[in-house]
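Dropping the structure in here first, questions after.
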């Protein structure tokens, strides 16, 4: 199922390298010798988790259904325009962020607000509905950063 | 939007009275003079919340899309058979339960396990996909029970 | 730190075997060949997680501080009598339950309501304040059960 | 109990006006005519919630116990130095943020990272342990901002 998740991310315009760039930006201040390959490994470990896979696949399915008009109203319009009070995207994202503990929440909120890297690109896309995808990418990046922090602090990396 | 939520619940086979029965069952041991109308009022207050409305509408939309084969694989099969490790339904449900604080979590888990009342009916339905709906109903009942507990303990009812 | 957690659990009256008994009770219906040693291994893996260790140590510290009168009012009395609306114990517990995804939430709520095994003993103790400990034990058991379900379903055990 | 919460916030160096400044900074870009009094009213409504009151009182009690050396090791040292992997402060904060739905999470993470206003002052204090307090203030501000957004979007303000 992990391959399916990577494939669907790519189909929606997200390369793992795009996420690794964000993770590197988040953590380089704390670990100046952080390698890009460590970021990619962390993302791979996050995408290994079943809970993460299901959240990503469900979110992308909702984005695509909204794009194709395949949802009943009023949820169709809500997802299509990413209505400000709609928080189900953040709910799914937090299920990912929580996998490595709550320290990932801080990065998630920061990324969601600052729209760094690919997150900004997704957010301003006019070709796709990315209501869920931008939050999912921010969540995968935050969980990966949390995993690196855990490994570094407990001496495993 | 609240009317739309009530309408979609009814269309999927859930009457507010069914939920009130569960709330009454949950709380009668603590408040022997609990009226059914108090349960219905609490449910109405819960359904007033935007976060609850969005969670319910999104979950029902996913159940219906799965029913109609309108989701990409592998998430389609996952939702159709309510795969044991799939937890996105619980994630949406917890967003409802948390509205009145974490005391609702206990009732939610209990209801989800014991499949009381309409929850059991939904769970064993062979005509509809109810992967999300059973958890949503358990969550609405738990949040309503939490609301009643808050009102009783703080002397508002 | 893991040894410290086990030591403090034991000091407060909880043996790992007590938790394993609960995990076994939860999962035997799904996996009839489930060994007690598998349950103990799962608990060990859960207690390896830093997030779990911190939640347990913080909760036990609050129970002990309440016992010794070492908290300011009104939180002292609130923790001492496990006030019905106090939900911080459930909040800490959910941080544990979420480590293996939201499927653990159902068992947690069930255990918290049914007070199975050592959870019931803790809940009715008159010698100790166990406001946090009963929920922490229910959470460790639920997370361990979720870990077993993940391993079984993905073919790792 | 609300008066006790306000009193303890003030005793630890946090005025409601400090929190209102943060809320105003967060929301002025979206609602240019936002009054400071609307921010103060929203904070007041947030502090009315029992779940919020308990989270704040518990967090402050832990900060004070750590300050006075009144916790067992190793949690004492962990809270005193605000160890990077310690996430119980974020857990308590999220219980507050979730009260008005998950849209508050984004602001919370942003505030926690950028240390805006009083949050920065608390974070760099050398006189007090503020491991919990900085996150609690960020959470109250985020929940208040979410409340304002709900009121504005649903036409209630």
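A, B, C and D are the chain letters, set down in written order, and residue numbers restart from 1 in every chain.
Methods note: contacts are C-beta pairs under 8 Å (C-beta built on N, C-alpha and C of every residue); 3 or more make two chains touch, one makes a residue touch a chain.
For each chain, UniProt lists the protein as follows: A, B, C, D = Phosphatidylglycerophosphatase A.
This structure is a prediction, so every number in the text was calculated from the model and none was measured.
Chemist: Nearest 5 degrees is plenty: how much rotation brings the CA atoms of chain A onto those of chain D?
Modeler: Between chain A and chain D the superposing rotation measures out at 180 degrees.
Chemist: Any idea how many Å lie between the Cα centroids of chain A and chain D?
Modeler: 26
Chemist: Roughly how far is chain C from chain D, going centre to centre by Cα mean, in whole Å?
Modeler: Each chain's C-alpha centroid was found; their separation is 27 Å.
Chemist: Which residues of chain C are in contact with two or more other chains?
Modeler: Residues 50-51, 85, 87-88, 91, 95, 101-102, 150, 154 of chain C each touch two or more of the other chains.
Chemist: For this assembly, give the contact graph shape among line, ring, star, complete and other.
Modeler: Complete.
Chemist: Would you mind writing out the residues of chain A in touch with chain D in their complex?
Modeler: 84-85, 87-88, 90-91, 94, 101-103, 105-114, 149-150, 153-154
Chemist: What residues of chain C sit close enough to touch chain D in their complex?
Modeler: 1, 4, 8, 50-51, 54-55, 57-58, 60-62, 64-65, 70-75, 78, 85-88, 91-92, 95
Chemist: For the complex, which residues does chain A have touching chain C?
Modeler: Interface residues on the chain A side: 49-51, 95, 98-102, 150, 154.
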